[in-house]
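Structures follow.
Across the two complexes that follow, chain A remains constant while its partner is chain B and subsequently chain C.
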Partner chain A sequence: MTIDLTALAAPDFWIGVGIVAGIYSIFSLGLQLNVGFTGILNFGQAGFMAVGAYAMAILILKLHWPAPAAIAASTAIAMLAGIVIGAASLRLSGDYLAMATIAAAQLVGGVAQNAAPLTGGNQGLLGYDAAWAALARWMLARLRAVGLGDQSQLPLFIVTWAIFGLALALLTGLRGTPWGRVLRAIREDEAAAAALGKNVFAYKLQSLAIAAALAALAGDLLALNITLIYPQSFSADVTFIGFAVLVLGGLGSFAGVALGSVLLWTVLEAASFVRLPLAADKVAAVQMLIVGLVLIAVMVWRPEGLRGKREEMVLRG
Partner chain B sequence: MLNAARRGTPSPADTRAAAVRAARRWIAAALAVAVAALLASRGVETAAQATINGLVTGTYFALGAVGLSLVFGVLRLVNFAHGDMLTFGAYVALLLNAALGWPIVPATLGGVLATAALAAASELAIWRPMRARRAGGFQLLLITVGLAFVIRNGVQLVAGADPLQLRLDVTTAVALPGGLRIGTVELWVVVTGLGALLAVATLLRYGRLGKEMRALADNLSLAEVAGIDTGRVILATWLFAGALAGLAGVLSSAAAGILTPNFGFQLLLSLFAATILGGIGNAYGALAGGLLLGFAEEWSTMFVDARWKLAVGFVILILTLLVRPNGLLGRPALK
Partner chain C sequence: MASRPAAPGGAPILDVRDLCRAFGGVRAVDRASLAVERGSITALIGPNGAGKTTLFNLVTGFLRPDAGDVVFDDQPVTGRPAHVIARLGMMRTFQLTKALAAMTVLDNMLLAAQDQPAEHLARLLAGPAGWRRREAANRARALGILERFRLAAQARAYAGTLSGGQRKLLELARLLMAAPRLVLLDEPLAGVNPVLGREILAHVHALRRERGTTFLFIEHDMEAVMNNADTVIVMAQGRVIARGRPRDVRRDPAVIDAYLGAHAEDTA
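Let's turn to the complex of A and B:
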């Protein structure tokens, strides 16, 4: 076993980590809104991500929509999925909601796997990123003017973190509004919020729909990053990596999500640079083993995460 | 019902409840007839064969669901690592059977014991200390998720992700009356599984441990006050749940003929569905729910492609949660 640390000094390693970390930051912002600020256990976030990514790819490939329209529509379709799934399941509480949402996400995965004419089945879909490639080339030409032209992944990095920044600003802004305060009231005491005349169900539905939109954006970016989407890209593992990011950063802190994501993905990607004499499936196992250990360790020793506040935490027993 | 008996004359509310119960019985009977007719419409023999396959699937679903339900009943813990305990048991049996050359029976026992030990270890290392700290439900839930990742990927780290097989002769079959067939291995799966389920049901019903478990499930502090050693009963619950999960894992991989590190997690939602169908926390209900779900998934293959079999489990899980979250038997939750 040797450890090759030179890779850690290369900018393209950090740009690669940054893209994945950014995608998971956007993904987990939705979880933060649901779990940290509304108190609803959304275990189906990867399903909304799949809906978004597949909707974008299908609209571009099968219906020949222009990419910006497809991305906007994919977000709207995922929100609609959030509303449909939420309308059916949000009256359930706690663990039951977790089971219902993960089942819904697995159902999305099942459709992606079995509706082959539309989704390509297990082979997946590719070739939806021509418009993005053109935009990336245009951005690279501009970056070349400032001496950054040889980092081919830099455009996606910039776009990903720009989207994260916008979403962060929006959610942080919403947090202080009456709307955001009602969400937190629901998290603290649902019955009290209802007694004040708030339509708890509608607020929860809005929270889930926004989370679904964020998952869809993350899914679109993931699709552009991996250039081929197939059902396993959106397995339940993705949701739980999102939860590891969420609790590492801390419940109740939107900015903490980015911290958790960058930390987790630096460790996960660095793990593949430790030259263990292992096959690819075993390296993947090491990475997911780390995710599991992070989840356990944070929940056992520091349930409020790195940046969370104890008073923001409602851990219903 | 008790109230009515005490008062002698039934109140209007009781009569209404009785009418609802009667209506429910009729609806259930009508549904059963409708399902039977629907199945028979595809040919009696096809239906019978699917039913036999359903019995095989239902047997290991029931084994898995009973353990899941026991843990929920006693600890109010939804264990997302339960599916991966099936994986663990199957891989231990595989290691003993295929790598070390043990015969299948001792290898199965080894898998069962190892999984029981794993479950007990999780109680001692994690669950007991977390209870002492009064950890919240969200914390506990995510720890089960983390544990699921650790078990599944620990297995994959050792055994790799490629599909593996137990050393079993899966080619022979037993002919049943009416031109039906069941694989020899599958027959053994059903016999072993149903035997184990019968033993567990008897033990839970008549054994001291079963009574203590039910007392804990009803009210933990009250059970403690009544002098039950709750720590010991909880440890026994984990041992039971682990052993049953290990057996379910070996039997399901024997019946499927193949195993990958993912298979337990893929079964987890079906086990949830079975548990909730039977009324979560009710071990007998989970047993019935497991068998019912096995039939439902296999019967579905008569109408839609077998690739949708797992999705049928997801749909049943969602529908049960939405329509009858307290299970088909429908006792309202205490909380």
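Let's turn to the complex of A and C:
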């Protein structure tokens, strides 16, 4: 086992961590809306992410859509998927949505693997990021003027966190509205909300559709970051890490999601400098082990997460 | 049982006919029929397990009936979703209080307001300006009601920090905010100290007097039933076995029998 920590001092290490952390922040904002603010268990967030990323790549590569239109369409398609899955399962009790989202994510993975003419199968898809590369070059030229021209990943970092900032502002704004208040009521007691005339089903569908849109945006950014997407890019591990981010940041805090994600990915990426004599699949297992340890450490120290409200946690029982 | 005398004020506000609901082999509600007169305070009594709460659940859309009809204010509402029935103006409380504990008392009140268009995402995004004015008006109205219910000091506290009796008061205050025409209360006095209980009953009478709100309440406290209800409806084993003025119902042999029978079963 060897440890080389010099890379930790390099800016491109932190920019790389920041991009992944930002992508997972956007991804987990959707989970926070579902789990922390509506009380619905969406275990298929990685599936919506895959729908978004593949939709964008396919529209660009096969139908030659302009990238902005493809990105807009990819979020719309993911929202539609969320509405279909929600409509099929949300009228039943909460457990059915959890199962339906797991099943749907599996289905998306299966299609990505088997519809090779469209998705490239296990080889995946690449070459969808030409328009992005051009934009990044343009941004780098501007960044050069302020002396940041040699950080090639900086444009994606900026765009990712700008999208996170917009999504955070939107969701935080919505939380304070009467609409957000109904969601909180539903999270706490569906029957009480229904007794006051609220259409619980409609609110849950809206929550799920918004979460799916955020997953799709995160998927699009992930696709631009890794430049090659294949089915394993969106495995159930992604949803698991999303839930870890949620618990770390604190249930019911949108801003906490970013803190949780940055903390988790700093630890994960720093840990990857510890060179263990292990095969690739074992490394993934070690990664999950680290996620678990970070979770336990934070839970012991602050059960409500970094930004959760302990009082609400206790009162909701 | 089938006698449903027409109310002096015209058609009953609630008309339930031959309602049935079974859970497995248990016929919780078994061809129950009853009518609630407009503007009345009506009590629904009966031994434990008589089907009173189930009847509430069927009438308010929280359970679907196997058979039978529910007519609210001349509209058939049988089998309609709970939120639709609530919006039509028939609202209920629950046997186990459902104050939203992790929300503030004030948010509990604002949630009940029925005239806030910004509760709907489409309208919120279409016109993000106007709702704040409505919200301010609702807040003023909510604080006025809380004042009256002696909960104003706790307006910003989490509802979960209130005592059990105060939560029941909050549930009633919340309904007042929503202004339904018919209120169904499931054991409003259970677990409430006598002082707060009298307060709750005073609010019920005041609401009827001021707004003409009709009340149907389930209650085991016989003294409260006899002193406050205009009409008493008695259920046993899923059926309505008697209906009348309190003092008549108390002497009804079928009623005495039902309660004694239930008592005998309890002790057997």
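Keep this in mind: the second predicted complex is superposed on the first by the 292 of 317 C-alpha atoms of A that agree within 3 Å, B and C clash if a C-alpha of one lies under 4 Å from a C-alpha of the other, contacts with A are read in each partner's own complex, and residues count from 1 in each chain.
Criterion: contacts are C-beta pairs under 8 Å (C-beta built on N, C-alpha and C of every residue); 3 or more make two chains touch, one makes a residue touch a chain.
Because the structure is predicted, anything quoted here is derived from the model rather than measured.
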Chain B versus chain C as contact partner of A:Ala69, first or second or both or neither: neither
First (chain B), second (chain C), both or neither touched by A:Ala185: second
Which of chain B and chain C A:Ala134 touches, first, second, both or neither: neither
Touched partner set for A:Ala115, first chain B, second chain C, both or neither: neither
Contacts of A:Ala100 with chain B and chain C, given as first, second, both or neither: first
Broader residue contact with chain A after superposition on the shared chain, chain B or chain C: B
First, second, both or neither for A:Lys282, with chain B first and chain C second: first
Partner chain(s) touched by A:Ile296 [first = chain B, second = chain C, both, neither]: first
Doubly contacted residues of chain A, that is, touched by chain B and again by chain C: 315-317
Chain A-touching residues of chain B, taken from the complex the two chains share: 78, 126, 130, 134-143, 145-150, 152-154, 156-157, 160-162, 261, 265, 269, 272-273, 276, 305, 307-308, 310-311, 314-315, 317-318, 321-322, 325
Residues of chain A defined as touching chain B within the complex: 35, 41, 88-89, 92, 94-96, 98-100, 102-104, 106-107, 110-111, 113-114, 236-237, 240, 243-244, 247, 279, 281-282, 284-286, 288-289, 291-296, 299-300, 303, 315-317
Chain A to chain C touching residues, read off their complex: 174, 177-179, 181-182, 184-185, 188-189, 191-200, 206, 311-312, 315-317
Chain C to chain A touching residues, read off their complex: 60, 62, 81-83, 86-87, 91-94, 98, 100-103, 107, 110-112, 114, 116, 118-121, 124, 131, 135, 158, 160-161, 174, 178
